[in-house]
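Right, one structure below, let's go through it.
Which chain is which? They are A, B, C and D, in the order written, and residues in each are numbered from 1.
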Amino acid sequence: MAKPVPEPDQALLDDLVVANRVLYHKNIVDGLGHVSVRHDKDPQMYVLAAERAPGLVRREDLALYDLDSNALTLRERRPYNERFIHGEIYKARPDVHSVVHCHTPALVTFCVCQTPLRPLYHMSGFLGRGVARFEIREVAGMTDMLCSTPQLGAALAKSLADKQIVLMRGHGATMAGQSIKHSVFRALYAALNATMQMDAMRLGEVTYLADEEAMKGMEINDRFIDRSWSLWKHEAMGPS
Amino acid sequence: MAKPVPEPDQALLDDLVVANRVLYHKNIVDGLGHVSVRHDKDPQMYVLAAERAPGLVRREDLALYDLDSNALTLRERRPYNERFIHGEIYKARPDVHSVVHCHTPALVTFCVCQTPLRPLYHMSGFLGRGVARFEIREVAGMTDMLCSTPQLGAALAKSLADKQIVLMRGHGATMAGQSIKHSVFRALYAALNATMQMDAMRLGEVTYLADEEAMKGMEINDRFIDRSWSLWKHEAMGPS
Amino acid sequence: MAKPVPEPDQALLDDLVVANRVLYHKNIVDGLGHVSVRHDKDPQMYVLAAERAPGLVRREDLALYDLDSNALTLRERRPYNERFIHGEIYKARPDVHSVVHCHTPALVTFCVCQTPLRPLYHMSGFLGRGVARFEIREVAGMTDMLCSTPQLGAALAKSLADKQIVLMRGHGATMAGQSIKHSVFRALYAALNATMQMDAMRLGEVTYLADEEAMKGMEINDRFIDRSWSLWKHEAMGPS
Amino acid sequence: MAKPVPEPDQALLDDLVVANRVLYHKNIVDGLGHVSVRHDKDPQMYVLAAERAPGLVRREDLALYDLDSNALTLRERRPYNERFIHGEIYKARPDVHSVVHCHTPALVTFCVCQTPLRPLYHMSGFLGRGVARFEIREVAGMTDMLCSTPQLGAALAKSLADKQIVLMRGHGATMAGQSIKHSVFRALYAALNATMQMDAMRLGEVTYLADEEAMKGMEINDRFIDRSWSLWKHEAMGPS
């Protein structure tokens, strides 16, 4: 703690503010929910807003945390109770550079049922790697459902394993990505796929993407996120 | 009536205006529906707008009522026909300091079916105490469905008993809370839970919160309402 | 036609513009659909916009028609093809002073199925008088589905009989009211009831309003439309 | 390529910008999806935006392509990967002057099920000619689902045959029209019909338009698109 904390890249911080606003604008988060990014200069740190609704987050609300989720800056502000979700996933998954946690209704629906969430189209090919599930009762019995301790965060990270998304029973979902744009993309299209899948399952027998189609679809979409990001940013922040 | 009426706290009145606007902005109420708060200086009085759509309510529309729902101020304005819902609940429930009454579509759906409304996730843990039901036919036979007399208000309060919410057959719902923010929170998340539950029930077998999870979820959420309230206020009223 | 055409009340024309905008704002109509009012000074005439999307209708688009749906003013403008819906209902129903015709999705759903649309709550008590159905095939065989002749308009009016609303197979719905505000109210709440009924029917066995409850509900709501109208006008037209 | 490229009509280019914005505003496209128009002076060319989200497309983003989908202008910009959808349909269908490609959720639902998309009402009469289906696996095995080669574009055009719309399994839909307004109209009402059909099929037995009704409905609606177009333009671009 005594060593000086390196300043994250300013564009990264700007993108994190945009991500907060986009997730709010797209109804992925409401008053609660959060998105973080791993520090670009020190992988043992991450950036996350201090307590504030994501739709209202500004640059000055962003705080640095170590991977045990101790605040390194803005220590006078109350941190999110569930910041351990972020820290523990960054510990367990060096490939992950951004994490979204949300209570999106379309995903909560899948969280409380055993019906698998599966990719309907190329936009949600990332679901093809499989969707993890987290049952907090198995880890901690009767709780308030929140991952508000290092132990619960670590258990969630263990459930996530090498997947991109984990559905948390009676709570919500957590997505991982190689960048802010990727974790936001996955949050948006996981929710959209969930909505469409509920409709499709009522309409008839569903043909899901084959594993190979899903992987190839993910690869191509992962390379074209900027086109969508420009739009999302414009929608959430106004003309730049 | 001859004794002077104490002035409620100004911030409380401001919050009641905000609550009206938030409930409208979130589609909990439309042209009809209302929200009240118990007087902070005299528990035998409550504040409720005189007749006006909640989305248009201003400070000057707020009137004071005694618990028999007689207007103490703004007597020249027509009061809501169903103000007795508020007065009679305040009489029966000293712990309640705010009441919302609404015809929210997702809740009306549950009002006309016997399927229980149950908590899917921590945000709606308050449903874990159980959801009351009110059948006006049992009390008054064939009516216009409105609780527009002291007797009907009292019957509704009796149905509510020690619960936080009562579903009124063929009509709508009424929520109670320990503060304005709590009753608004419950209206929003009861509706959201109802929407998700309808989807989840079609998707597969649903795992609801256990009673203990629901209680713990309610306790933690009851302590963090300010984060959501700031957002709702911003959405409904613009930047402060 | 040679006799001078009396000028309708200016407030009535203003209300008709508002009604066009409200129906658009509330997604009852899209680029198509229309609303008319019977002339306040001559019951043998009605006011209806000349061809223009309802969301864009202004005072200068309003034309007068006789009950055979001949244009008395704005004759240089193309009239709506289906103006006969209005003229023929005014002929057949002296009690009707306003008519809405729309293709609202929630109502089209009921138009193409035989499932009865029934009142779930007091707001849609007007459905308790029953919902008429119109099958254009019975009248005219294979058509483009439009009521674009006096004969088809008259057949529709006959199907409507003494009801407040008629569902037109493969087309849309038409509502009648004793005033502009009443026909708009019925369009809005018929659509809302349809949406809720679809949800409720999937949720469990539905308790509909009893006939007497529906009639009493309609009576009370018919008297309190101004509260909702103020809101709808504000939403559609901005602060007055 | 050496010959000079004729300048398209300016109003046509303006309409193409409007079409991009309308499709975005109506949620037919999101960050992805596109709409093109055949060149009015040379049927061997078409106009399509270079890579950019349709909701942000401006006049300066519009590029000319030959029917092999080689860029004739704006060659320094990256073209859409799936421009071959447009070029190959224009090759195969001289009657087609505009093409929309989209991933609209309501249509994706039908893309992954075998349930036929059928016209419920006159507005979607164009579906009466039948809805084509494209299974990319039959043509190219395991892919990323995109029609990003001339061969895949040609296979899609072959599947479309003489229809107005083709549903692409695991991907989205493509609509054809005799003008920009017609292809946009078909995208909007195909999606709306899909949403309503899902509801109607759950509600009861559905009466679809007879073939003759569908054809007559299409003919009448094809003649009245300007009324809707004026509204869509106003909504997407503001008052003109």
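Everything below uses one rule, namely that a residue touches a chain if its C-beta (ideal position, glycine included) is under 8 Å from a C-beta of that chain, and two chains touch if they have at least 3 such contacts.
Bear in mind the structure is a predicted one, so any value in this text is a computation, not a measurement.
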Greatest centre-to-centre gap (Cα means) from chain D is with chain B
For the copies chain B and chain C, the interface residues, called same if over half of the numbers are used by both and different if under half, are different
Cα rotation angle, chain A onto chain B, in degrees to the nearest 5, is 90
Chain-centre distance (mean CA atoms) for chain B and chain C, in whole Å, is 33
Distance in whole angstrom between the CA centres of chain B and chain D is 47
Multi-partner residues in chain B (2 or more other chains touched) are 202
Among line, ring, star, complete and other, the chain contact graph is ring
Chains touch in the following pairs A-B, A-D, B-C, C-D
So, in the complex, the side of chain A touching chain B is made of residues 30-32, 51-53, 55-56, 81, 103, 105-106, 108-115, 137, 142-146, 169-172, 198, 201-202
Given the complex, residues on chain A that touch chain D span 120-123, 125, 192, 195-196, 199-200, 202-210, 212-213, 216-217, 219-220, 224, 227-232, 234-235
